[in-house]
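So that we are looking at the same thing, I have put the structure below in structure tokens.
First chain written, first letter: the chains are A, B, C, D, E and F, and each begins at residue 1.
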Amino acid sequence: MTRHDGRANDQLRDIRITRNWLDHAEGSVLVEFGRTRVLCAASFTEGVPRWRKGSGEGWVTGEYAMLPRATNTRSDRESVRGKIGGRTHEISRLVGRSLRAVVDTKALGENTVVLDCDVLQADGGTRTAAITGAYVALADAIEWARREGAVKASAQPLKGSVAAISVGIVDGTPVLDLDYIEDSGADTDMNVVMTGDGRIIEVQGTAEAEPFDRAQLAQLLDLAGAGCAELTKLQQVALAGGAA
Amino acid sequence: MTRHDGRANDQLRDIRITRNWLDHAEGSVLVEFGRTRVLCAASFTEGVPRWRKGSGEGWVTGEYAMLPRATNTRSDRESVRGKIGGRTHEISRLVGRSLRAVVDTKALGENTVVLDCDVLQADGGTRTAAITGAYVALADAIEWARREGAVKASAQPLKGSVAAISVGIVDGTPVLDLDYIEDSGADTDMNVVMTGDGRIIEVQGTAEAEPFDRAQLAQLLDLAGAGCAELTKLQQVALAGGAA
Amino acid sequence: MTRHDGRANDQLRDIRITRNWLDHAEGSVLVEFGRTRVLCAASFTEGVPRWRKGSGEGWVTGEYAMLPRATNTRSDRESVRGKIGGRTHEISRLVGRSLRAVVDTKALGENTVVLDCDVLQADGGTRTAAITGAYVALADAIEWARREGAVKASAQPLKGSVAAISVGIVDGTPVLDLDYIEDSGADTDMNVVMTGDGRIIEVQGTAEAEPFDRAQLAQLLDLAGAGCAELTKLQQVALAGGAA
Amino acid sequence: MTRHDGRANDQLRDIRITRNWLDHAEGSVLVEFGRTRVLCAASFTEGVPRWRKGSGEGWVTGEYAMLPRATNTRSDRESVRGKIGGRTHEISRLVGRSLRAVVDTKALGENTVVLDCDVLQADGGTRTAAITGAYVALADAIEWARREGAVKASAQPLKGSVAAISVGIVDGTPVLDLDYIEDSGADTDMNVVMTGDGRIIEVQGTAEAEPFDRAQLAQLLDLAGAGCAELTKLQQVALAGGAA
Amino acid sequence: MTRHDGRANDQLRDIRITRNWLDHAEGSVLVEFGRTRVLCAASFTEGVPRWRKGSGEGWVTGEYAMLPRATNTRSDRESVRGKIGGRTHEISRLVGRSLRAVVDTKALGENTVVLDCDVLQADGGTRTAAITGAYVALADAIEWARREGAVKASAQPLKGSVAAISVGIVDGTPVLDLDYIEDSGADTDMNVVMTGDGRIIEVQGTAEAEPFDRAQLAQLLDLAGAGCAELTKLQQVALAGGAA
Amino acid sequence: MTRHDGRANDQLRDIRITRNWLDHAEGSVLVEFGRTRVLCAASFTEGVPRWRKGSGEGWVTGEYAMLPRATNTRSDRESVRGKIGGRTHEISRLVGRSLRAVVDTKALGENTVVLDCDVLQADGGTRTAAITGAYVALADAIEWARREGAVKASAQPLKGSVAAISVGIVDGTPVLDLDYIEDSGADTDMNVVMTGDGRIIEVQGTAEAEPFDRAQLAQLLDLAGAGCAELTKLQQVALAGGAA
């Protein structure tokens, strides 16, 4: 089988991570997985939500959204419709959980980081790009907080790194990093969120057409593991690229 | 390790499936996983949503909700707050996807089945109980439709059965069918939706505390596979128990 | 005239009051008026709404809702529509007012009891079943508070009991406790809420078809008085049935 | 006892009914019960709501609302809060039901009349003023429709007239047409909607403080009957006052 | 050219300013620009919104709305639709800004005045009538506060007066104070808010059909200046008419 | 006076217009006015809103929004709050009106163009950047429609071009194209929308602090006229830069 864009089955799309895309945010990244383009902004503020006050622990949360014309045909704005759709809710929660998995909230102190992931252009894999980019924005925001003294210089709020990738079974073949065309026709679609040291934070696999067995699941996880490892390196390169 | 309620690590809670709990619905089940109690109602109606009209195919969808005092402390009603929370959205979508995986929408014809899963009492595992009960309600509703002639007697809208169970790592040990206490303290929580013939429809695993590795994932999937097989038998027994 | 289900004109449907149907709530009742089935949960919490703070008085309120498939054809969820309908609002307010009429809010202290009345199955008379059941749940919750010391053992927050029943003119004849079929065809529909000692808390009569005169009103009130007296006895029997 | 404003117990406040207060509406009335001032606009349009199409019958509905500064202290706008409160819902439904009770929807044909009752100033009895005024606006709108040919000249869509009044027990004494001060301190508050020929369309009595007995109820209904008869005459005088 | 109602191009409609139209509000005005009729209520309350607390400065804000049958065909209520439309939002903000321009918020102290402008009948120019009337209601409310001691007798919270008028180019000719028919057919529509001493607070001009040039703009501003001067005199006459 | 960023009083910030920033939209522009960065997407679709069907005329509308971290401190998402704020509503309407002023809706045929203007980063002048960029996106979308045959090759749906700029009085001096710092401290703020041939489509001037006179207004309009002329040239250069 040949993928429609000529990639090998275990090949990522072109990944670009542009730090400091915004001037105001404490951390910001424009992340691109091929034509998928997500703007990740990390907002660091003192204080925590009411239910967490006095705990000595910080909070990290995510909000995901899509511009109306990110997609091939325009969607109505959720703000205009007056409510958020299930998919948006679901991905926002996933982003928050994924990032919290690598944060030591005690070391963060009673501070909050909100990760806004706005999809400027969608071509499959928007949630995995969002998580991968949000990690870099978060790292920059925490570095900012350390420089500003909002977090102690000795504190290590980041316990590790996090990246995410989609895998799926397309025309019977397991492939890595599906674009929109592949995703639409996939039998199975799985998103995997992993730490930089190769452990799993979240795995969400759905049989869109045909249920899958354990052997297929193993193949998908192998692909995802390799993909996340590669993304981890790209994150490290981006973060090594200079002060935020 | 001993589980706080004395169960073996691979032991389900007491499962009860009471069919025809409601008089009006085409199919209805009160399903109990220990103290978790979910009322599943299947509503069969002619016609499909607008975007599917003329396709010749039916539609199956789910709605999940929790009564305000299903939980230990009362929650505000989503109807009063004026919007549905992310968790509700997420589980409703999961219920719909899971049931659709075993439905041949062409054989269903242009008819719709809505599966309302209302949690009367929550003690962990509400989404897996909902899916497991909803399958039985769906089977009854389809049988009803066949008897009423709304679906051809020769049509087989059900391609198989579906059940779901939660697994998790509690105090370092993989266990089956977590109740609320176990769930609250789990390192990892995973929900697995499987067909009656043992294939996976959906797997959603989240590292609440510590990321997990492939070996742990395999252990969890083994537990889930056995649990779903057991639930499948209980569904068959329930459905063999007489006409709806 | 014979009623379609064979009852005498002044006969209630089979009434069942099952206490402690839920494990978490401070008081809970599954109340059945024939096929009408309402789950009443009383949630006792310390503190009162902001506008009542410092008054030394407690608060009792009600919320009524119907599951989507409680009725013969499925209704949309109010949470999904994003707003509560007028009928829901109206009955919630009636439940709260009715229960408050027998509560000494000073004796309750600055505590709140919320009465959630969720209709699991509807066959007419859901609001009267809700009020009748909610009283028992409230009594149990107050007893719980006394045992727990949240309310002084010497305090008497309950000044009396409350029950409710519907009456109506069907085919020209006044009848008691209308089911859905009777209610749909009634000329006049009236709900009466009474104390255990036979006084009126609330009377709401509506001429659905033909306006009614004072003589008819008197007949309806006679029926309602007898019906409420019977319900009061059933509540007493239920409450005498053992500790909550 | 002397009422605080010097009225006899069975005395209405000054009632004023000003027709054609608006230029656009098919019928409009500014109705005043003392300082209570309600603007009633009847909008006649061809066609009926979807669920009534093809029935050959018309529809009459009501919407009640209060300006933010109708009351002694300003209330937030329901449009700004984004939802309608329970009281507003309840009264809107009452207005619609009350007016429909005197309309022959077959004679109206497939036309709709919406009765907007906006309280410009509130001093107790706003719902009864709204119903009393809305009837006059409705009569003018139907007359307009007859003149315009939207309803056949021979058709009699109005089967009778409707008026409403509040009664209550204040300091132990039954009184008619309570203003805000009386209403706030009443033991029992009752609203009665009656036809011009003295039959009851709706009775809603609530024991705000002390439950009431059948004898008190009879006294209140006597007062209400006399009050509605008086209002009926004032409506007739207003309608006789010239073409709309 | 002759205007359809016979007015000269620089002629206002009949303007009526009726003070104290309401009994409860601290200031209230029924303002009429021909058939346009707006009820302006000024509510004076101690305290300011949270973001302004401790500033020593007061706050003035406006809310504009239209009754459903103010217009020729009935509009849905914004409260029923559950959200406020863009036009309503826009005019509410304009009313607030316009009035704040003549208020010395320091002299007002930490008090709030809300100006509710409810259009009872609309025939063009509702926002300009609202602002013109709201000024008079505001002046009365501030006078009330001074009498009541809520504002020091020596304080001068009002720095000047404010009035507003619409101008436009209709059939190529600049005219003053457009009614609905003129407004619907205007090439250009402009609203001008001015102080009593002839300076501009706000100018909002929109080319509905044909863009306009600087010369036309100058002509429109000349008309508006004369119109506002006339309105200022009428405001002074009204305010001189006796104590509020 | 020297401006804080060293610009002359009549000097624009650096303006960048990047066409085709998105792959899916029929026209798209990333427009930058200094640090203000707005993504404008033009979506061309066949058909018009219901109220315009059968008219033979097209429709052009705009939607403006800001990403939560476009600003210096994060704002809540309007989709999460469940309603759109007044400012968003106001600017969306302005964008739509401004673009419609240069569109011949008959030549457009029954097609709709939606202009989504999403502010990625805000530093003052977002609405003027949005309009200026949206025009270029609109021109590209119409060119696309012509190439695709959705609009006849001979049709000229664009009657002219449109650009917008802000002007204001800062520290007593009229200046062009205010950034956020200047805008916050301005006495007067005005937005002017003009056609490419120098006529005015919209003028919105607000005295934030001190009312302004006709002479000041004239100065501001001179500055705006020169600024819009410059922007018009930059639009022409951008559009000449190659096929979309």
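Rule of thumb we're sticking to: contacts are C-beta pairs under 8 Å (C-beta built on N, C-alpha and C of every residue); 3 or more make two chains touch, one makes a residue touch a chain.
This is a predicted model, so every value here is computed, not measured.
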{"item": "Contacts common to subunit C and subunit F (chain labels)", "value": "none"}
{"item": "Those chains which touch subunit F and also touch subunit D", "value": "E"}
{"item": "Reaching subunit F from subunit B through chains that touch each other, fewest steps", "value": "2"}
{"item": "Chain pair among A-F, B-C or A-B whose interface repeats that of E-F, sharing over half of the contact pairs by residue number", "value": "A-B"}
{"item": "Centroid-based (C-alpha) most distant chain relative to subunit C", "value": "F"}
{"item": "Furthest chain, CA centroid comparison against subunit E", "value": "B"}
{"item": "Distance from the mean Cα position of subunit D to that of subunit C, given in whole angstrom", "value": "28"}
{"item": "Approximate Å spacing (C-alpha centroids) for the pair subunit C, subunit E", "value": "50"}
{"item": "Intercentroid distance (Cα basis), subunit D paired with subunit A, Å", "value": "59"}
{"item": "Residue numbers of subunit C (touch at least two other chains)", "value": "82-84"}
{"item": "Ring order of chains, beginning at subunit E and proceeding to subunit F", "value": "E, F, A, B, C, D"}
{"item": "Subunit F residues within the subunit A interface of the complex", "value": "22-25, 28, 35, 39, 41, 43, 45, 63, 65, 67-74, 77-80, 82-84, 88, 114, 116, 118, 120-121, 123"}
{"item": "Contacting residues of subunit F [partner subunit E, same complex]", "value": "83-87, 89-90, 92-93, 97, 101, 194-195, 198-207, 211-214, 217, 221, 225"}
